[in-house]
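For reference, chains read A, B, C and D in written order, and residue numbers begin at 1 within each chain.
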Amino acid sequence: MNSTKITKAAPHITQNEALIFERSQTGRKGYRLPPLDVDETPLDEIVPVNLRRDDDLEGVPEVSEVDVVRHFTRISTWNYSIDLGMYPLGSCTMKYNSRLNEKVARIPGFANLHPLTPEEDAQGALQLIYELQESLSEITGLAGVSLQPAAGAHGEMTGVMIIRAFIDARDGAGASDKRRVMLIPDSAHGTNPASAHLSGFTVKTIRSTAEGFTDLDHLRELCAHGDVAGLMLTNPNTLGLFEKQIKEICGIVHDAGGLVYMDGANMNALVGVARPGDMGVDVIHLNLHKTFSTPHGGGGPGCGPCCCTRELEPFLPVPRVVKDEDRFRLDFDRPQSIGRVKAFFGNFGMMVRALAYIQTHGNDGLREATEAAVLNARYVARGLAPDYDKPFDAPPMHEVVFTDKRQSRKGVHTLDIAKRLIDYGFHPMTIYFPLIVQGAMLIEPTESVGRQELDQFIAAMRSIAREALEEPETVLNAPHTTRIGRLDEAAAARRPTLRWRPKEAASAA
Amino acid sequence: MLRNLGLNSAEELFDSIPADLRFRVPLKTPAAISEIELLAGFEEMASRNVAARRPTFLGAGAYSHYSPTIVDHLISRSEFFTAYTPYQPEISQGTLQAIFEFQTLVCQLTGMDVANASMYDGSTALAEAVLMAERVTRRKKVITSAAVHPEYLEVVDTYVQHYGIDFHRVDFDARTGLISAEGLNSLDDQTAALVVQSPNFFGCIEDVRALSERAHAVGALLIVAVTEAISFSLLRSPGACGADIVVAEGQSFGVPVSFGGPFVGLFATRDKYARQIPGRLVGEAYDKQGRRGFVLTLATREQHIRREKATSNICTNEGLIALAATIYMETMGRRGLQEVAAQCAQKAAYTARRIQELEGFSLPYSAPRFNEFVVRAPVEARELLARLASEKNITGGLALSRYYKDRPNDFLVCVTETNSRQEIDALVDGLAHISTST
Amino acid sequence: MNSTKITKAAPHITQNEALIFERSQTGRKGYRLPPLDVDETPLDEIVPVNLRRDDDLEGVPEVSEVDVVRHFTRISTWNYSIDLGMYPLGSCTMKYNSRLNEKVARIPGFANLHPLTPEEDAQGALQLIYELQESLSEITGLAGVSLQPAAGAHGEMTGVMIIRAFIDARDGAGASDKRRVMLIPDSAHGTNPASAHLSGFTVKTIRSTAEGFTDLDHLRELCAHGDVAGLMLTNPNTLGLFEKQIKEICGIVHDAGGLVYMDGANMNALVGVARPGDMGVDVIHLNLHKTFSTPHGGGGPGCGPCCCTRELEPFLPVPRVVKDEDRFRLDFDRPQSIGRVKAFFGNFGMMVRALAYIQTHGNDGLREATEAAVLNARYVARGLAPDYDKPFDAPPMHEVVFTDKRQSRKGVHTLDIAKRLIDYGFHPMTIYFPLIVQGAMLIEPTESVGRQELDQFIAAMRSIAREALEEPETVLNAPHTTRIGRLDEAAAARRPTLRWRPKEAASAA
Amino acid sequence: MLRNLGLNSAEELFDSIPADLRFRVPLKTPAAISEIELLAGFEEMASRNVAARRPTFLGAGAYSHYSPTIVDHLISRSEFFTAYTPYQPEISQGTLQAIFEFQTLVCQLTGMDVANASMYDGSTALAEAVLMAERVTRRKKVITSAAVHPEYLEVVDTYVQHYGIDFHRVDFDARTGLISAEGLNSLDDQTAALVVQSPNFFGCIEDVRALSERAHAVGALLIVAVTEAISFSLLRSPGACGADIVVAEGQSFGVPVSFGGPFVGLFATRDKYARQIPGRLVGEAYDKQGRRGFVLTLATREQHIRREKATSNICTNEGLIALAATIYMETMGRRGLQEVAAQCAQKAAYTARRIQELEGFSLPYSAPRFNEFVVRAPVEARELLARLASEKNITGGLALSRYYKDRPNDFLVCVTETNSRQEIDALVDGLAHISTST
């Protein structure tokens, strides 16, 4: 099955490993604490027994240090990761995570700093936040920056709430109850409508044109009713296309009394090349865990700064980090602020990494990264065109979408192609997103991959296309080289098992 | 490659961007520097965080616990920290199994049935819990104890502001430090949930069982928030006390305080609400050969499928921090978690006793506590703590005036297993010395 | 081939990776240095052109940082390691390497300390060396300790040279030219005779008895000629057996005017339980990279302290680390010393780890580790006895030797069993050592493995024994689950290729 | 498990040890301490290595170069650092391929044909080279320049003492700092090898080509030792100059000075001597399907097979340090290695020029140098440097009196890319100030 045409990867023995609970052995310990060095108080005098736990933490594992090390080392080998190769998940910007950034984030002066430290004793951290705000402001062309949101979706919610607060301030309290509509293209990421909803908006969907752009006629039509609070637009959009008419679009929304929110998840196509602020965008979020290379960590943590125009700045979350002369301080006195969206100041550790990324790349390095990211996507677009259906003609920016149209005639679908790609040594691309493209395969190579590997990827995809014709079974049953095959997700959702339980209990249940 | 694509310059890559929108000048961000220079610069910045080098008694939502060396070593395996969300289970089982273990451990500690794969932090987890309570009960009134972490309450205020939820604070008893009995009378059949923190912001342990009975009596859910997760291993679990939703800040589980983030929000509830839970869930699944694996499941709750009807907008969560917490919980294990909790409680008790003996100092609240407590000083707390820092090089706690302008002399002290007796005694002597030398 | 009876391991996809030289691309860079900050001097004025390199480092790779990270991350996944599981290499003591020890070895105050720092500015490092010397002295029961040797063999050379120097001092200069004989059991590790030879000794081999012990009669016979300088004995010996008659042995050698060197590679069987010094041993080496858990690192670095009696102490290498009151200093004034065996003070970084091991285990922890190590070996010995030939009856200490006697009847040999063990998810045991045991399989579980995995190991070995009978081909062609199969080592040695060369050059050659 | 083995106590495990040899009291080593305590204790010890925190100009066999962050990160992958010697190639290809790349890089830099998998360090590598020269030539006389690192010479003395090798020192020229012409006259047909270090201990670059001609003229081998491996990328390679054996200390390749070890010895020679080389060698090999892999090869040279007839007794070498050096060389790459070398040479030249201008200071040797040079001070060097350290917090170099009692005023200064101009100027000012204020 792992046919010889596959040169990039090969199966090799790996360790199986049970759940830690299945490994637990009464009496084992993986820790040691210093002996208690204060005179002991009878426990009952501290916490009365009725408020204390009475299950003796039954079920919590008892294992040794080496057990834990082997447990996680073993299961880690079942993961694909950026350090193993190209990770072309469209919309996710899986770029290399510098080790240097990991190192500086662990400097004790940062890692051991308590968030409630008085300002004068935390000047270094406040400076770091301030400098990152300044850099992001320059990169987006937007004056106001808050680093408080913990991820992109959190930044969206923040931005949308700012729009709402602004409208109320502009048109009078409660005005936003009438301007309830948030316009969102059908190609948008699910977090956009979800965030709009969380902010109490009613979502109306804008059609995309056959060319993959926002349909301006439809937009005008939707803007005709005076109830539009704003538009949430991704640019380049989730099809990887730059919204050429972004200025007109902003104009239409503004004329209708709305504001423009830009989803900045795709900023890796624009850094140093074009600035949302110059396009008429009012507010945007960035994903530091995409564009600014803070590690994804298997699902987080992220950091989703919210950047906005000077006009909207008063509405940003509190506290703000500001500078007076050469001193940095927290400004809580923001009467118009939407309030706080997270305890403390956001994911500081991610900010340290992002600023390190910006400083080590430098202004020209940032632009070069953008160029390389777009160049690589173009190269892939060209390489796959002969074998896969490319639904849109416009030249892609940092990512490109293909479909399974041709392959599906043989019963081979996007999911199958993705799984087969695993056998070829690659992580699959993003699949079935955006939703408006049937059988979408959204490919984002990022700048962190060299030509050799791009060629291998193109060759793998073309080889799979051939297989789809000549030996579809091979693709339909992929992957063939992994420890486990495709899992029955439907069954898993029907009767979900979401936690381990002791055998007896489990069977009892 | 450019030529290969028929392009003459990198600039042409951006032809699809209208000329007038191109940014043609160099960014005014700094020029590139080398590793050596970056390290020097960041070390220098970090050195100005003088507090990071001091013995500290600051808690209030971020706790200084010891993290075994293997925690950071293991999360630093690039297979973990450079992986994406496990959308492709065949090559993501490491992440998926770890999350499944995390969910299980959170259930075990909270005493609940089901837990998700993490929220941003404790404060946003609480906000999501309030929204979930509204979904579940279809009621709009939520009552919260005012003794919940002030920043958590602020975050909830922000989240609910456009949701038509009346988020109503109930004061705490000035004697006990616990939610006031009278306040609870505002519970009624319009109430979606009662929100309490225990140990609460002042370190006082609420009678969660009694509170759950009060809440359930009117058909409301009880939401319990915990900021000091180490308390789980000593205190009766909220689940055992009848809580319907438990949210917590998981930072205590081996995660550095890191100026407030990244932390990790724990979110657990009852089986019957599983499909109302926000965020990701990992479940068991099997392949054709019957081999066990794990997958992201019940995705129909989530934004990428349900869009505006999703149970939450959360997508990226705190995966790697949840992993760190998992490794911490498993390394400390059953006995270690108990011992850490016991040491925290013991050291806090010792510290409280010593401070109480000081001329002019008192502990205003009578309720039992875990490892935090409020101290009432004979002088202005802010000033007292500032001098303690500068003169004795100790961070003595949090001046409550940061959140309560009307409480100039109160401060919150937190003691953990990392505070040696020597540090504690130095704190006590320092307080005595400074308060009398004013 | 990866039959379902194998539950501990399973094949999973891994990345292939070429040699870095094959990945090199002109112009790529993985580094950045600060700009030169001094006024530049014309290079010719610094180094005349005729002394300068003229090949522009042709052939040295040009790669990016992410290329390097992926390169080494990928190839690392082809390795087995302690963190992946049991590593039962007999005589190698592959125990868990604590992460804490790695951390402390990297404390800047240690890692950035230059060896030629004046004593007063390096008191911490000297103290650490001194404290480790003291602990090892207590553990071995020998007064003199030098940490200078870089590995076990280096410690052997040091010890043997000390014996020689002592004899010359005792019997007059040049005496050792007459006492040239070093007695070494036929079961000894190859480094013993090699080290003896390096010190100018003539090696005579002592037979082992059928029971696996030193043959005392033969020893007496060899000691009869007045030319014996000493004996190099491993205890427990390389068969895993404690030399019961160690005292008599030492007596015989001493009476013959010789000294006893003990190879301490097997100290993991004795720490806290018995001390070489109490047995009559004069000098010994330890392997900190075995008994004291400093990581093997794929072949080093090690640290091979040499410990000896007070009588021999004057002959230890210079400099010694000594303590006057509460100050530590280097003592170079050792007229009888054999001299220096390594620049500076030995592998200091390993000493940091070893002392951390000793302090975190504590005295009782050290003994418990010994007990567990021996218990585990006994458990394996018992578990395998039904299926494999156990050439010696005596109860093994920390390691046990079996042979392929029964399996070889079917044409299945030790090498095949070892290779098949790989398919079962284990690293093979040490094979064909000691040389005196035909088809030897030397198994040392160490204390770092739990019962679960011991049972899996025993089950795997027994299953292989069954396969040897029922499906020998499966064993003979193993491993079946690795990226590459058995390599042709004979061909590799016949026409060795020991380095990469550019294609042209290569073909030219 | 004990019971399972029919034992009643752990003590019975040791029944095969005669009772009178059992150690029945607890070891007088310290009792067990926790991670927290160990870290505190070791941090405290380390803090007393005050020199580790100073700008330093110490070289003389251990050099402070910058090591890219990824070097330590990658060698910390447990697949590398917790693996044993790669005796089982099917599950050790990571280590084996890395060694093969190491051997290749060493050959490229030294200009030789074949290199081994590493020796303990530069000093023992030199000793092994001398022994190998004896094996190859069957001659007993070895001539060495006295300008080789003194500790290296001591180590060779120790290694050869029982080998009947006459290890004969030739003085260096007091003007040039290079091996003296006259001395070379002692080369004769009994000479197995001529040993030189270049740049030599005083930083002076020897004319290796001329020396190899002299050595070869009498049928002796030329052994070249290098302590500062960074010099390879600027200076004509010993191989290109005709050396027969090249040994070097590889510590400069990204390895911390770590109080002198672990370092890594490089050992390279000519193809024709491949089977005389000490230590391990990795070679290319193929499996039945023709897939390329790597194996330990030519093992018949080694002790585990050849026993007393082996080319060396070395077994464990410096694997992980060789890996670090490999990662360093590949990360810096062709251009980086050149740039580091150029910066070292430039900064040293600048420093030398500045010091030369100082009243009373001189540079005694005229030969060209790389990044080290001898300074002759107007005062006692030991005292001068001690005050520089205590008063200016700079480690100014090595007082040569440590090795040469008769050279009280000389000290050796080393400058690398890590010494900023600021540090250099501070050194120069410090020297001026202190030497005049005595």
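By definition in this document, contacts are C-beta pairs under 8 Å (C-beta built on N, C-alpha and C of every residue); 3 or more make two chains touch, one makes a residue touch a chain.
Quick caveat, the model's predicted, so the values are computed rather than measured.
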| item | value |
| --- | --- |
| Pair joined by the larger number of C-beta contacts - B-C, C-D | C-D |
| Centroid comparison with subunit D (C-alpha atoms), farthest chain | B |
| Rounded Å distance between subunit B and subunit C, as computed from the means of their C-alpha atoms | 47 |
| Distance between chain centroids, defined by C-alpha means - subunit A, subunit B (Å) | 21 |
| Two or more partner chains touched - positions in subunit B | 32-36, 66, 68-70, 73, 76-78, 91 |
| Junction residues of subunit C - those touching two or more other chains | 13, 28, 32-34, 65, 69, 73, 77-78, 81, 83-84, 98-100, 102-103, 360, 422, 479, 482-483 |
| Residues of subunit D touching subunit A in the complex | 32-37, 69-70, 73, 78, 91 |
| Complex interface listing, subunit C residues touching subunit B | 13, 32-34, 69, 73, 98-100, 102-103 |
| Residues of subunit A touching subunit C in the complex | 7-16, 23, 25, 28, 32, 64-67, 69-70, 73-74, 77-78, 81, 83-85, 96, 98-99, 360, 422-423, 425, 448-450, 452, 479, 481-483 |
| Residues of subunit D touching subunit B in the complex | 35-36, 66, 68-69, 73, 76-77, 418 |
